[in-house]
Structure formats: structure tokens, C-alpha cells
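Okay, so chain A shows up in both of these, paired with chain B first and chain C after.
And now, the complex of A and B:
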């Protein structure tokens, strides 16, 4: 990983020095060993802040919404999952491909900072596994769109568990399902961390921030929480790149990917096979963002 | 998709119906509305996704 950091700094220095880009998006060290955080570097003198360690799990493409206005070029370090996020941003016209300089990282899998933080607090158990659960079943550790790349190609273990959790829920009775989700979502404190961390949530003005009309109540009762999550999930339907960031950043531990994966599964079954953020080609536009004469009628 | 999603959340799919009706299709509108009411009556009063009032 040290090797990654050195290479990253080298590349960032070169790009900033020759004026190719005006900002570099990467990670910096946090207050704790496990608290590495995304950062933006604009000055050559600050490049040494840049690191790439085993806690760089964040979906860094979400930062690109801050650079949607302007013409400057942006350099971004990106793991395989981040590249899917970047494709989301390009397809959603947040930023054009020409304004990006993507430095791919062939990712060996990241540790889950939350688990390590909990363990370090003395109140949690030691992490169950070395790397985060989502990284263990990762199908895209190697960036497939990039301008330059660091690290060695990673092997991919094929996994069919993508929809296993959704199928578990589908087996329950309707009342069990309602009670399960009502109970989980009643915990929500409406901090909107899930929305802010999401690469598909890139609207300039979010429906939940509007006050005239106010589409969804702001109070944290179960009903309004459920409406919030139902609407958010349907808004990202077909565009969710399954990075799992919403679930990871949730301070109260709501299994949000159960909602998103269900919609991913439905889009995949109705329009698919389809996975969001795997290609920039025209035919890879999210099914719900385009029209075809042979679209299935059940889309509603 | 919305229907299937609501079903996934444990809400009766009959409560959510969608239809395309043109402004000139008065009879179709009436038929669809009658159908919706019949379906919803069949599933009975809704307890889900509602604030609990005493």
C-alpha cells in the first residue's frame, strides 16, 4: 500500500505541476489509523497529504458533484467500484469524460473503517474478516476505464450471492416484510448521509430539500422515514451502482442495500441483464433513463 | 416496478394502480376508477404507511 501512496503522489505532482489538472481527488490520513478520508488537493505543496491505504473504501466519485460547474480538468484516483461511480456521473451529465483524468487503482479490497473503529472503541468485536464484506464478493476490483493505472491486476472470484439477501426477504409473508422494514426504517434519523454519499443522488436540488411544496414530511416518524427511503430508492432505480455506500455511512445501521438491490434485481429481470456503471457505450444508458419501443409494460 | 417494490415492502399491490387515460376517454376513466375502488375494497382498510392516530 505504501507503494500505492508513493506512486499516487508522484502522479499527482506531475499532473498539478504541468497544469494538466487543477485539482486531484484522493484520500488523506485521518485522526485515527482507520479514518482515512477523501480529500481534494489543489496545491503542489499539499500533494504529500495524499495517501492510499487499506481504509480507502469510500466511493470517491461522489465528490465529483462539487466540480460539475466549470471547465477545469479534475484528476481522480479510482478503484474498480469508484469507476462505476464515475460512469454514473458521466452518464448523468454531471461531468464530461473529457474533464476527467482517471487514475485507476487495481484494488486488493479495502478494510471496513466502521468495523475497525468499533473494535478500537472497546465496545465492539474484532472485525470478522480482514477486508470488508462487500470487497470479498467484489466483481470489479480492476478499473476498466482509466487514463493511467497503478497496482497489479486483481483476480476476481465469481459470486452469485448478489441477490441472496433480497430473496431472503421475498420469502417472508407481506406482513413480516412490512414489519421488518417499518422496524428498520423507524431507526432513521434523516441525516441524509445515504443521499450525500450516493453517486446516483446527484440532482442539483434534491426533492427532499424542497420546501415548496414539501413532498415528504421532515419528522422522523416511521411513515415519513419509509416514504423518504421508498422515494430515494426509486429515484436511483436502474442507476444504482451497488457500491453499498448508503448502507456503510448509515449511522444507525439500516440495511439500505436491501431496498436498492430489490430495484436492481427488478431492472435486471425486466430490462436486463443490466448492471449500472459498467460501460460508457450508448446502449449502456440506464434502462429507466431511455425509451425503447419494446420496453416491457410492467415497468410501472 | 413500483408495484413490485411496494409488494416487497409488504404493502398490498392492489392499492397502487396506474393507467394511461386520455382526456377523451371518459368511459375508460370511469371503468378504471370503479375497478380501483373494487380492488381496494377487497383488501380492506389500510393500516400500513399511515400515522397512527388514536
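And now, the complex of A and C:
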């Protein structure tokens, strides 16, 4: 992927030099071989900090909320999953398409730098997987909306795994299910990393930051932790692009994609098959963000 | 030297737990932290780990801590119970980085003419069994932050020997007392202490605090903070971050007031009653975290509020690295 880095710098230089954009969102290298991190480059002289390597796993579109109030154009390097995130941001009116210059990256799958950091740290026991688990079942490695593109098209291995773990949970009795989630969510330390890494969590003021009224208590107990996660999952229902970042960034290993995939499945079953962030067309707006006369209404 | 054989450890912890809350590095659902020992088969001792992802600060500042209960009737409020938790506590196996962080917490909660009664209650009868740290990890930089990782000040200092038994040195009278309770489990042996492996990450803090005092408005914060996503992982896994909020939960006429960890990374943290937020953007929140760690705490207490444990470096999902921040700060050229 060395070639990717050179191309990325070439493109970023051109875009900054000719004034097309005022900032380039990409990745740079930290002080360990696995430590790639998102960055925002605004100066031509800094462009050579940009890299693209096998550790650029972050859903970089989440950083677009930092630019929502501007008028300048933003260049963003984007893998397939990032493009789905960008569509999320455009559909949610965080930033218009016209303000974005998207440089697609046909993505061979990424390694998780945090997994490598944890494995090296001595603090944990888990070894790092080569390619991150979420990337191994990725169905969208190739960006489908872009202004220019880097790399060769990646082959997609069809996977039936999408709802497999949800179906396991659905087989449980209600008590078993409650106990399972109570146990998992009792670990939550309420760092809100899942929310902040999420492209669907782009509200200007988050319900969990409100204090008048305070919708969810700040104490870390099972009830308030559950409220937090259930409200968040419900709020991103139909809008989750299934990038898996919430689960990746969780410092206490809560299987958050179980909740999100359950809601994805429910939306599928209620409104017909739908995948968020795959199209910018009007009819691709998330089912819960639009109204149709034939929407299900059994509850009424 | 006295030696506590590894196969006697559970028994020793059980004896200690008879008259104290004992906090031990353990795995609980794959999460490592200092949890209370109850000889629970579901808890796995995590003594083979270099350190735990969750810091031991919960021993003295639990994430959620009840303060008092109250009842209202018309205009009157009656406080029905003050929940100050005194009692003997023991922390087993704490490393120099986390111990230095405990010193920071002591400064914040017990000095400068103010004593926090909730903190003091948990802290005053705490016996510290520290473990010498011979094999630091790639994220460790406690030496740069002034910790003595082989010989930290504690009531008891233990050294893990090659066969995983613990060489045991009581260092204070409190440590002697504790040692006497488990003396029957110990053996007297000639031991060879391990060789200390060097710490690979170096950090030189000379002049950093003073320089930061000149850098509040410096543009470098825009660049540094661009990767941060403003979650609270760094502050919550940090052994020395101590900010808390005071909250209340009401049910009809009765309620309880509690405090819980808060994070300067959160927008709500600085939200004023009138709606103004002095740290409205992530740059301001990010800057505050590093200035508190490396400048403000220094100015008030003469110490850094970072002890080089490396947790934030390991766990930050977006690669924020305090050592890189320190290096960048040093590179910055200030106008004369």
C-alpha cells in the first residue's frame, strides 16, 4: 500500500495548492508501526504527514461534524465504509455533497491499531487478528461515490454472517436475553466513545448531554447504562451504516453491533430490506426519516 | 527474604478480606481492573498482566458514589443518611505509575486547606501492597514522569520472582501489621530479585509546564486536536483524572445525592446554566485536558498529573498520544 501513500500526498498537494479545498481529512503515523491515526491537514507544508496503510481502520467520516458550520470545501479520504458514513452525514444535513471532495480508497481490509496496541501493551491477553473481524465480512470495500479513486477494485466475499449473532440472541428466552444484556451493559463506563465514533450520532446536542431535562441519569448502573444504549440503538435504527466502529472503540468490549444489527433487522422486517448509506438518491432516505402512507402502523 | 508462594496467594487474600475490602487486579468478563476480592470463582486473578485497563482509582473514587439521602416535606428537607464509607481497605499489586497517581489524588482531595470527607474516608485506612515493575511495556513512560518503578513508597513491596512466588518486604508499621496476619503462609528464603528491563519510551518534562503557560492561544492545538473525537476513554481509564459531578436522583419526596466521574472531554462538563459554554469546541476541551495534566496541576501542586501508565495511549481509538503531544509542544517555536 506504499503506493497509496504517494498518491494520497500527490492528490492532497494538488487540492490544497489550487485552493479546491481548505482541509484534507486523512491519516498520519504515530510513533508505533501500528499507530495510524486520523488527521486534518490544512497546510501544504504538512501534506507529507499523510499516509495510507493497513491500519487506517477509523471511520473518518465521523470527523465531518467538526466542519458542519463552515463553507469551505473539505477533502476526505474514504474507504467503502467511510463513504457510507459520508452519505449518512450528507443525508442528515451535516454537510452538503458540494462541500466535499471525496477521494475513494478501494480497501483491502484494515488491521485495528488498538487491537495491536493492546496486544503489545502487556495489559491484555488477546492477540491481534491480522485483518480486523469487521473487515473480514465487509460487503462494501469499494467506494461507490467519489471524485477520484485510489487502488484496484477489491473482490467481495459474500457473507451470510450479518444477522447470525442476532438470531442467536433471538433464540433466547426473554429472561436469558435480559440477563445477557444486563451483564454486558453493566460493564459500560459511559465514556460515550461508541456515540462519538458513530457517523449516525451527529446531533448538535446529544440527548445524553442535556440536563434540562436530564433524560438519562449519569450514574453507572445497569438501568441507566441500558437506557443509554437502548436509546442510542433506537435513535440510529435505519441510519446505522454497520461500520462496526462503536464495537471496535469500546474500551470494555461490549458487543454493541448486536443491538444495532437487531434494529437493522427490525427495520428490514417492518419496512422492507434497507441498507443505510448506500445511495444518495431521494428514495434512499432512511425509513424512519421519511413518511409513506403504506408505512406499517399496527400500533395505532 | 520473606516469600509468599503463589499457591498461597488466594488464602492470603482471603485472610486479608476478613477485616478489609481487598482490591486485586482481576479479569471480569475480559475486562481487567482492580476489583474487590470475594474469592468468587468467576473472577480471574490477573497477576500475569503488566497492568489493568481500568485503573485502580475506583478504590478511592468509585465511578458512582452515593453521598447522602434526603426527604422533603413542604419547605423542609431532612438528610436521612450520610453515606461516608470508612473502613479498612487493601490494594494488592499496584504499580508505581498508579501509586504516583494516588499521590496526585491525595494532593487534590486532601491538601491546600481542603479535605474531601468522602475521599478521606476511603483513603485513610488504605494499606498499599505495591509490586515492583521489572518489565515495562511499550506504552509505559513512568520514569519520565518521575516514578520509581522498582522501589515505590508503599506499606508492603512485593517482587514477582522467576517462579512467580512473591518476595515480600514490609516497609511501614501498617505493612508489618498486615504481614503478621499472613505470616504463617510465608517462607523465609534466599531470593534473587529479577533484573530490571529498561523502559523504551523516554520523556523529558524539563520546561514543558512553563512553556505551556505561554501556549494557550497557540495554533498547534488545532492540529493536535484534529484527530480527537472527544469521547471520555482517556479520562476514565486515567489513574489520576479525578473530575466528578454531583448529581441527584429523586423519587417523589425522597432522593439521594451522588457523585460520579465526569470528563472535561464532554460538552456538558462546562455547560453554564445560562446556556453559554466556554469550551464549546473540541479543541478547547482537548487543550484543557493536556494543560490540566501538564501545566495547571503543576502550578498548583508542583507535580504532573500524568504518571506514564500508558492507558490512554493504548486505548485511545483515534491515536491521541500524550507523549507525541509533549514532543510537539517542545518543538513549537514561541515568538520572543
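Keep in mind that, in the parts below, the second predicted complex is superposed on the first by the 289 of 300 C-alpha atoms of A that agree within 3 Å, B and C clash if a C-alpha of one lies under 4 Å from a C-alpha of the other, contacts with A are read in each partner's own complex, and residues count from 1 in each chain.
Methods note: contacts are C-beta pairs under 8 Å (C-beta built on N, C-alpha and C of every residue); 3 or more make two chains touch, one makes a residue touch a chain.
Quick caveat, the model's predicted, so the values are computed rather than measured.
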* Asked: Which of the two partners, first being chain B and second being chain C, lies in contact with A:221: first, second, both, or neither?
  -> both
* Asked: chain A residues in contact: does chain B have more, or chain C?
  -> C
* Examine A:157 and indicate which partner it touches, taking first as chain B and second as chain C; both and neither are also allowed. => neither
* Please indicate which partner A:295 is in contact with in the superposed arrangement: first for chain B, second for chain C, both, or neither. => neither
* Asked: Touching A:266, do we find chain B (first), chain C (second), both, or neither?
  -> first
* To do: Please work out whether A:248 is in contact with chain B alone, chain C alone, both, or neither, and reply first, second, both or neither.
  => second
* Contacts of A:10 with chain B and chain C, given as first, second, both or neither -> neither
* Asked: Both chain B and chain C touch chain A; at which residues?
  -> 221
* Structure fact -> In the complex, the residues of chain C that touch chain A are 28-32, 49-54, 63-64, 135, 137-139, 222-223, 226-227, 229-233, 235-237, 245, 247, 249, 258, 260, 262-263, 266-268, 271, 282, 310-311, 313-321, 323-324
* Where on chain A is chain C touching in the complex? -> 30-32, 35-40, 42, 46, 58, 62-63, 66, 113-114, 117-118, 120-126, 183-184, 187, 189-193, 195-197, 205, 209-211, 217-221, 245, 248-249, 251-253
* To do: Would you pull the chain A residues touching chain B in the complex into a rising list?
  => 166, 169-170, 172, 174-182, 221, 223, 226-227, 230, 233-234, 237, 262-263, 266-267, 270, 298-300
* Asked: Touching chain A in the complex: which residues of chain B?
  -> 1-12, 18, 48-51
